[in-house]
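The letters A, B, C and D name the chains in turn, as written, and every chain counts its residues from 1.
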Amino acid sequence: MESRRAEAFSDGVFAIAITLLVLDLRLPPAHGHTLTYLLVNDWPQYFAYVVSFLTIGIMWMNHHTILAHITRVDRPLLVINLLLLMGVVAIPFPTSLVAEELRHTGGVAATVTYGLVMIAVSFGFAGLWIYVVTHAERLGGQAQPEALRRSIPGFTGGLLVYVAGTLVAAFGAPLAALVIYGVLAVYYLFEHLPSPSTDPGQP
Amino acid sequence: MESRRAEAFSDGVFAIAITLLVLDLRLPPAHGHTLTYLLVNDWPQYFAYVVSFLTIGIMWMNHHTILAHITRVDRPLLVINLLLLMGVVAIPFPTSLVAEELRHTGGVAATVTYGLVMIAVSFGFAGLWIYVVTHAERLGGQAQPEALRRSIPGFTGGLLVYVAGTLVAAFGAPLAALVIYGVLAVYYLFEHLPSPSTDPGQP
Amino acid sequence: MESRRAEAFSDGVFAIAITLLVLDLRLPPAHGHTLTYLLVNDWPQYFAYVVSFLTIGIMWMNHHTILAHITRVDRPLLVINLLLLMGVVAIPFPTSLVAEELRHTGGVAATVTYGLVMIAVSFGFAGLWIYVVTHAERLGGQAQPEALRRSIPGFTGGLLVYVAGTLVAAFGAPLAALVIYGVLAVYYLFEHLPSPSTDPGQP
Amino acid sequence: MESRRAEAFSDGVFAIAITLLVLDLRLPPAHGHTLTYLLVNDWPQYFAYVVSFLTIGIMWMNHHTILAHITRVDRPLLVINLLLLMGVVAIPFPTSLVAEELRHTGGVAATVTYGLVMIAVSFGFAGLWIYVVTHAERLGGQAQPEALRRSIPGFTGGLLVYVAGTLVAAFGAPLAALVIYGVLAVYYLFEHLPSPSTDPGQP
């Protein structure tokens, strides 16, 4: 099977998950407050929107980069991809929790759930990447053991930071956890996986 | 007509239906409960999310496989495809029912509705597959009577299991029905339709 | 500009509009009623779902057929297409009204609104079709004045039936109006626009 | 990387954002009012729907035109595109505010928020366009310094009108601001960016 339809389906899922984030933006009734008060006071929902939007957008870019290594897909890859997308699609859920609960109930449950979803997605990406690199020739790409080895620090680092953020949230500092998630998103805007054309391990 | 736009439209519908599932994930107010209590106590909605996500994802894969046999579409195929998609798009509805009602009202209505939708979708897939195989040459593919014959047990089996699950639900065991639906989803992760390239019936 | 991206955008809009219809399916709390009672008693929402799903699906097929006549798009066509899509995207709104109000408030407002949206969409399709046929050569197609002439009865007939249904609804027979809309959807499953390859007006 | 998947992802996001606008259309309970009263009285939500639909549709056309200048994308372009889409996806939020609040609370907060989102999106489009033109050769296009220079008045004008509308809203005339946004949308239906094929600066 060509990878074209798998890409189209994945693109659609990423595009919808990122767009559903807007459904959680709400402006509470004014109750005599000024506009400035409302916009400033409701910052957690805007912050959560920005962090999740950047995070899903970066995940889409990385998904793009990974699938650019191959031209065909097989059943195991489709199943791994489906499990990965199951995590991506879930992201609006903890984002909604953060937007709703950060000010009202402290947000521990929300930010821990956020971190757990991110950890699951990180494992999904690691699985997809490992499968693509180790089955590259079968999938119409080129074997790149070097690319896999060089990408280990980035994957492990991202995963460890999400684990750290989740622990920080679980021990009662949800705001600090949210900042950690945000910083990681900005960091990944610059950091990226080896792409097929720039990979020095490819002849 | 080329099958490209029909695939793009179907991919979009599958991608949206699978993503709308996240709209049913909700965390009830804490009310003094611990995070662990809430996450454990709300398992039906997470279980329903996973089962429906896997089910729609597998349906997308099978749709992919069926349309890979042909290169053109005609009006009857588009109508059959539309009826099939009408069932797929409805899946978030019984999923939402299961997520909401399994703990509160026992979930009989929810799991029966779930099963009825799955039975309808199974008939839709059977119709699409029969039409594609019996009109393959007209649609730019190759006649494969053997492929049709070999796929009968898989289709019939899946349909019978959904009928069994629906009856189990209707007779008052919604949890057992949900487990049956979940096991069927996992089973289909491995089982699949004959693909055009690996079909021994094709010269 | 090539018509590829305009098709992709339109496909996405059709796919999302058709999928959002599921958000209006709701099962009210049982309140001691049997499952059979609930499913039978709530038929308007299922009927509205089926009618709107078929209607949007058929519109997508017709859109597909119209754009298959050309290979390029220009600014006026994109604007006409946008106005058409503005009507298509609105369809879940009157569908939701029908689902909610047919039993409670009689449904006159709902079915009149439904008819008005369909009339607007009919004008949009007529505009798109006229523009495509009259500018076919500029858009990379072939001039087909005959195709335009032959399609006039179908367009006019559909429009008149929607006007009739809207008037029937406005004069207090919403159920009859809904049946008229449903019959028209089923009729259009078979009836279709001339396609580029089967058009006898094309040399 | 080819620009194909970036276009597909962007098309999906635009298509979903424009379709989510329908979720804000609501018909309040009749309470003995006539249909005419309800439809006339609720005009702000229909007006907001039309203005936002046209605005997002035009943005999609302009996005289409900008990316038609190039055939490849790089990481900075993907990040700029992501920031732009973050603004586009947010548009249903202030649209919903306008639909809900224009009659009840005067709508100052809603129309100011609307204007702020539009200003952010305008900056996003300016950034994407400047990057595309200044990096055209690297991205598989042709250097067009003339195209950039000629597009400055259009970009600056649109931005200034959105700033003016936002100020008008902030100083207590939300209806006037909404009319300004609507007029700008209609104006942009005709006005457009230089396209690759009609650009006199291209040899």
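Rule of thumb we're sticking to: a residue touches a chain if its C-beta (ideal position, glycine included) is under 8 Å from a C-beta of that chain, and two chains touch if they have at least 3 such contacts.
On a predicted model such as this, the values are computed, not experimentally measured, just so you know.
Using CA-based centroids throughout, the chain positioned farthest away from chain C is A. Look at the contact of chain B with chain C and you find different residues on each copy: under half of the numbers used there are shared. In the CA-based superposition of chain C onto chain D, the rotation angle is 90 degrees, rounded to steps of 5. Chain A and chain D have CA centres that are 26 Å apart. Our note on geometry: chain A versus chain C, Cα centroid distance of 37 Å, whole angstroms.
The residues of chain D that reach two or more other chains are 8, 12, 15-16, 20, 23, listed in rising order.
Residues 7-8, 11-12, 14-16, 18-23, 25, 27, 29-30, 35, 38-39, 49-50, 53-54, 57-58, 60-61, 64-65, 68, 189-190, 192, 195 of chain C are the ones touching chain B in the complex.
Residue ranges of chain B in contact with chain C, taken from their complex: 1, 5-6, 8-9, 12-13, 15-17, 20, 23, 75, 78-79, 82, 85-86, 89-90, 92-93, 97, 105, 108-110, 112-113, 170.
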